[in-house]
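Labels run A, B, C and D following the written order; every chain starts at residue 1.
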Amino acid sequence: MVTTSPEADVLRLGCPDFNQQLWQDVDDSLLQASYRNVRQATEKLTAGLSPEDQNLQSMPETSPAKWHRAHTTWFFETFILKSHRPGYREFDPQFAYLFNSYYNGIGEQFPRARRGLISRPDIERVGHYRQHVDAAMSALISELGEGELQNLAPLIILGLNHEQQHQELLVTDLKHAFSHNPGYPAWAEPAGAGHRRGKFSWRDISGGLVQQGSRDDRFCFDNELPRHQVFVADFQIASHPVSCGEFLAFMDEGGYQRPELWLADGWEWIQREKACSPLYWFKTGQDWHLYTLAGARALDMDEPVCHVSMYEAFAYAQWAGARLPTEAEWELASAQCDTPGYFADSGQFHPRPGPHQGRPGQMFGDVWEWTASSYAPYPGFKAAAGAVGEYNGKFMANQMVLRGGSCATPNGHIRPGYRNFFYPVDRWQFSGVRLARDSGA
Amino acid sequence: MVTTSPEADVLRLGCPDFNQQLWQDVDDSLLQASYRNVRQATEKLTAGLSPEDQNLQSMPETSPAKWHRAHTTWFFETFILKSHRPGYREFDPQFAYLFNSYYNGIGEQFPRARRGLISRPDIERVGHYRQHVDAAMSALISELGEGELQNLAPLIILGLNHEQQHQELLVTDLKHAFSHNPGYPAWAEPAGAGHRRGKFSWRDISGGLVQQGSRDDRFCFDNELPRHQVFVADFQIASHPVSCGEFLAFMDEGGYQRPELWLADGWEWIQREKACSPLYWFKTGQDWHLYTLAGARALDMDEPVCHVSMYEAFAYAQWAGARLPTEAEWELASAQCDTPGYFADSGQFHPRPGPHQGRPGQMFGDVWEWTASSYAPYPGFKAAAGAVGEYNGKFMANQMVLRGGSCATPNGHIRPGYRNFFYPVDRWQFSGVRLARDSGA
Amino acid sequence: MVTTSPEADVLRLGCPDFNQQLWQDVDDSLLQASYRNVRQATEKLTAGLSPEDQNLQSMPETSPAKWHRAHTTWFFETFILKSHRPGYREFDPQFAYLFNSYYNGIGEQFPRARRGLISRPDIERVGHYRQHVDAAMSALISELGEGELQNLAPLIILGLNHEQQHQELLVTDLKHAFSHNPGYPAWAEPAGAGHRRGKFSWRDISGGLVQQGSRDDRFCFDNELPRHQVFVADFQIASHPVSCGEFLAFMDEGGYQRPELWLADGWEWIQREKACSPLYWFKTGQDWHLYTLAGARALDMDEPVCHVSMYEAFAYAQWAGARLPTEAEWELASAQCDTPGYFADSGQFHPRPGPHQGRPGQMFGDVWEWTASSYAPYPGFKAAAGAVGEYNGKFMANQMVLRGGSCATPNGHIRPGYRNFFYPVDRWQFSGVRLARDSGA
Amino acid sequence: MVTTSPEADVLRLGCPDFNQQLWQDVDDSLLQASYRNVRQATEKLTAGLSPEDQNLQSMPETSPAKWHRAHTTWFFETFILKSHRPGYREFDPQFAYLFNSYYNGIGEQFPRARRGLISRPDIERVGHYRQHVDAAMSALISELGEGELQNLAPLIILGLNHEQQHQELLVTDLKHAFSHNPGYPAWAEPAGAGHRRGKFSWRDISGGLVQQGSRDDRFCFDNELPRHQVFVADFQIASHPVSCGEFLAFMDEGGYQRPELWLADGWEWIQREKACSPLYWFKTGQDWHLYTLAGARALDMDEPVCHVSMYEAFAYAQWAGARLPTEAEWELASAQCDTPGYFADSGQFHPRPGPHQGRPGQMFGDVWEWTASSYAPYPGFKAAAGAVGEYNGKFMANQMVLRGGSCATPNGHIRPGYRNFFYPVDRWQFSGVRLARDSGA
């Protein structure tokens, strides 16, 4: 099987009705339903967490679950209610400081590394905050005229996508925090057994002068635009992401001890961090185990390797005589591959009816796949106007693009043009490896 | 008035019945009562704290309140129940790892800097842990024969004193964590108004070949022994600790900008930390305020300056043309001063009937007073046998002794020979300054 | 004038006879002459430096001049003499450890950050090392047969280009070290006055499906290959690099205080480093000065701004309503611009007969120009075989490409396809800014 | 033999004629001779060092030899010539900034960690600086009247003692720098073979109310005063410092792996530094070697262990069932022990006629011996007036006292009351261990 981490099942409860296509033919009842669904999905995720669980922060890059719940709420309050709902009563003026993440245009922020020190407001008050904003948002949507609706819908949908991103972050951040607890807390039910992994193959992809980037007739982030031409040579892409068994072979052949396989910065990183396996792996006697949100368990050799840095992905590829695909290659390949449930008429990704993972050609929803491309603006990129313009553009340095979505990405939030980005050293996301190679290589 | 911080009132609820003299003529009912009182005092301290509050850790040196509650319990379980109560059932084997602070003789410890990541066990389970251990301790004491009682009492009383230390740490650690919250959480009621501070004077203290150290016929820590001879020259000591108003004068005369007033390491410290006032002070417009556990309030010029490092204490003394007293001087002075409520027949410190702070000569229970003495073994010092020998001795490097007890020190836990110790840079304790000078200076 | 730093004149003494085209029709006398010229140029650079000057290392990223002299020699000894000259006597076995920079394939390396601690061998012995290797190289070249010559020439020419790179680094590293000396040591003669800067204009560049990368029929580094197709949209490029006067306007309008102009990592960098001007700028009273290798002098408003990080370049471009060009754009523009002395029949850059800097369209030899492109492999990139394969490929992460060559780049070492690369924070190279913008912007 | 490091012979060339007693009956010819001798001794030390050698700085705590030569000269220029010699022409105004070590009263200082970046002035110019100041000092002394001589002599003698301190630092700093060179530079001749170490014994020392501190009728530093009473109990002291063979036994029994032997800060230190032997020890195959200024050689089991931190000294003592002596104990013991060549009429330490090291009771001149006492002011301590008051007093925090002088301490600079001080982690001084224990232990 290529079951992925059990976190999958939790998030797959997601929001089946959230239709990104509403961009064009939005109506208020659809918007209401989408808003309600996404917001409820967040609350469902945190329902089983204690107050202490919700306040954990294990490193500056991660945030407490409570903070995610408040910050996503702050987003609607700040960018929509305060500006577009006359008479809106701000829930608590201090929240503008506490729950602003990085929007310098909005004002100062509480220091990111200390979010775990915000014991007050407590989860109950954050719950009230969410209800307060939800009520105001619902009223706003109801009372919008047709023209205003078309006007505000993009910003509301941006807020919903923003919240979906934080749903995934909430899960990855929680996993990171829990992993420090020697009791290996189980938060989710273990995933059931899946299919065995299918036969590996290299798939030929034809290049040429192709289009890259998302279509602008439905929702996407500003960094996916404009759709533009790019020249791609013919290449091959792996039918599956790299499995744990394959990665173990790399380790067994001294992969972490051979500098010639590593980027110079990666080699420096494993010396400094003493990295010698993917994150969350640990050895009990002779056997490798890993920590998941359903607790610790033995490694399944068939599941995709996950929680590796770009450096590890690169070194593995070197060892395997292959390379990572570029962003453009990945996007092109995903269009030519057989992707279950994707590229239906709606142009979006529907919930998978069952454990299709492992079906050859499946490129979405298992692990985020590191690409060889640094996160950079597309030709002609324009950041969105106003403070929301800080959403994406200012991070275009030092990070690498990941593609495909993970088991923790909410349904309806995955699309072929989606660009996720993290630093090469980051491992706490559900990040894995898909190999590529030059045609004729 | 020389009111001290409002934290005082909380802790002064302490444990009036805990008679340290029971060392010699202990009986089981007195021991039971003392045990119950001290243990309940801890729970009273944390009663008003939410689960998130109890899990805060703002720096490696501090611990979450929940951790303090569990660690003090672990102490009884580890050093008494496991060894001396046959058939005792360990509450949870993992706690031996989670709640060991630094006793290498007992085994490995959960990393200190990450105590705030232990969301599980939650506070309810820690409550059960306390009850489990309390029941076993109560049964143990009841069932001890006379001889065994005399045997075990010192260890039990050590455990109670250990818990009292953690009561104070719990308060100081909480204050530090709360201080990062821009809402300035109020946890305690503000202290009522007290007397104005009395007239300052220098008090002459006669030296000679005197005894230093605690008497060994009642409880004290191993580091207070053996009582030994030391030669002290005549000197003078201040009638009051330095007040906020006095410290402000130092600041106004450029105290933090004049290297000639500072120890070299202290000067380096203020450059690095950009320290320019005591901890928890902040300026609102032209006025100085401070954060207390009863919230933020304006500075009272008469209250003792508090939360200063030894470097600040030293620089202030230099500026004032005086110096810090040595440990031996401090101890000698405290015996010659008029100390309300102290040195009664019982040889212990009784709860003060009212706001006597500020009465000249009062040397106990306001602020810990930095001495000029590094924390070192007394001549002939022997660490206690076994793992509890790690309690004190191994910290005898790089730290300075503080004397006198603070407003956060539980009653019954203060005595003239008590040696507290912290690094010169530490400021999150209730640490203040009392000046001394050479006779004839 | 757009005089650049006075360092120019020193390096422009370079090696006029070093013809990179010899790749194809190399003969031994030409190779001998090239070898001699390049090697002598290094010695000329360090002739005026004292033993202490030659041993300075001011940060881990820089190396002492003496080390550069020895390391470039080690390159020839290690990759050519030891392997291809039977009977070659190694000068000193320890040098293999001391002067290996980062070639893991060759063995362990002396720690990079401590190169300034190698007082022994002294400069005299390093001089002997150079003579020893030069004699052996000269004999080798003389005695090579025609076939062997064709075989070894690429490696020898690589060694010469390697040495030219280190000539520039030697100068930049020395400048960084000297800048810490309050006496502002002058090492070179000030450059004479040049022309005033010409009129600024935007130049239209036509895009399309174009070729990127160097031609493989003459020398280039492996990272410039393979020449490949890339699609570039029409764009505009600035006629001149940004001048000091223009950059000062950015500073005067609060450029360093406005987060909206900066990449997130760049904003974090200026907070951390307290950067508020280009490196080597300092203010005397109201006037800006800069440190050059000819000593300190007043800023010339017309000269290109230099020693800026990519973050500063990016922020400037944001402020100016423009952007940095991509690598492909830069390379395309340089082919369409009027580049004095370049693109002659030989396809290489000849020494400029005079101070042509500042002539509109001049894109080579003033300052290295930050591009918007991260340093990544070209499609189909293959690292050179063997240990020299570590030369370029392993650095393809986290760095940005700079193009064009600086005043400190030796003549004959500049070409349109040349890819220099540094981290976004690096400022000690002669790095400047040329703006681009979308057509129709 | 208890030969100490070969550095001994170099420094033992010291200044036999420098009579500290001249304090009282100084005359100008004696002062001239002393001045000349001490100043020449510095130059003799550096005579064999290359310009690069003299500019090495391997950590912020150490300084280049050239800097020591200039700084000691600056001391005379600043504190004597500028103030007391009208018409004195300052050699170079920038030197006041470059060569001030830490005297805030004099003005700003060049950053200590970057002293190794001062390639200019070169050694020749520093030589001229020394000659310039020496000539002025000589003229000053000649022309002083009797009264002025008595007045200035203490400051001149302070300057000479200051220079002697820097002679030792110059040697220890050079050793530290050279130790990073894999060629193990030899700067001195190896010491000849000495006696074998004599039989170990514990010596009984009678305590009581004794005097501590130096006599004030001849030169000493301000920190050795005032001589004062202190009570010391009877104790025992080891006849010899701990030998390398003894220390090896500690290592072989897992000394570096047993936390119970270490101070908490020391345990943290060895984890952080991965310390597992004294500094400069290294293993070749199965055999321990050490680096000395005469190059690397095999360990001699009889020689005193050297270059250990206070933490290692403490852990060794714990392991051996003993402890470190306090300062007062050490001073008392040295007076009761048979100290060859010491306590002659002159009250000073004369050059040892031969290799007396290893003679039981010898407490001076082999290794600095860590005491259990932190560096603190003596009761009644007054820092010297003016900027020279920064010499000692401001370092009285976080450091420990060492006693006895090392093989690198110039003759004439050792006395029983001498207090050296370093941080507990410091190991680059010639620091060793002498054990003590309580009487009856």
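Operating definition for what follows: a contact is a pair of C-beta atoms (placed from the backbone, for glycine too) under 8 Å apart; a residue touches a chain by one contact, two chains touch by 3 or more.
Only a predicted model underlies this, so the values are computations on that prediction, with no experimental measurement involved.
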Query = Using each chain's Cα centroid, which is most distant from the centroid of chain B?
reply = C
Request  = Starting from the mean Cα coordinates of chain B and chain D, work out the distance between those two points in Å.
outcome  = 39
Query = Taking each chain's centre as its mean C-alpha position, how far apart are chain C and chain D in Å?
reply = 47
Of all residues in chain C, the ones touching two or more other chains = none
Task = Make each chain a node and each touching pair an edge, then name the shape: line, ring, star, complete, other.
result = ring
Query = Name the touching chain pairs, would you?
reply = A-B, A-C, B-D, C-D
Query = So in the complex, which bits of chain D are touching chain C?
reply = 50-56, 58, 66, 94, 97-98, 110, 114, 116-120, 122-123, 177-178, 180-183, 185
Key: Parts of chain D lying in touch with chain B, wherever the complex brings them together   = 102, 104-105, 209, 228-233, 259-260, 262-267, 310-311, 314, 323, 326, 372-374, 376-377, 379-380, 390, 394-398, 424, 438
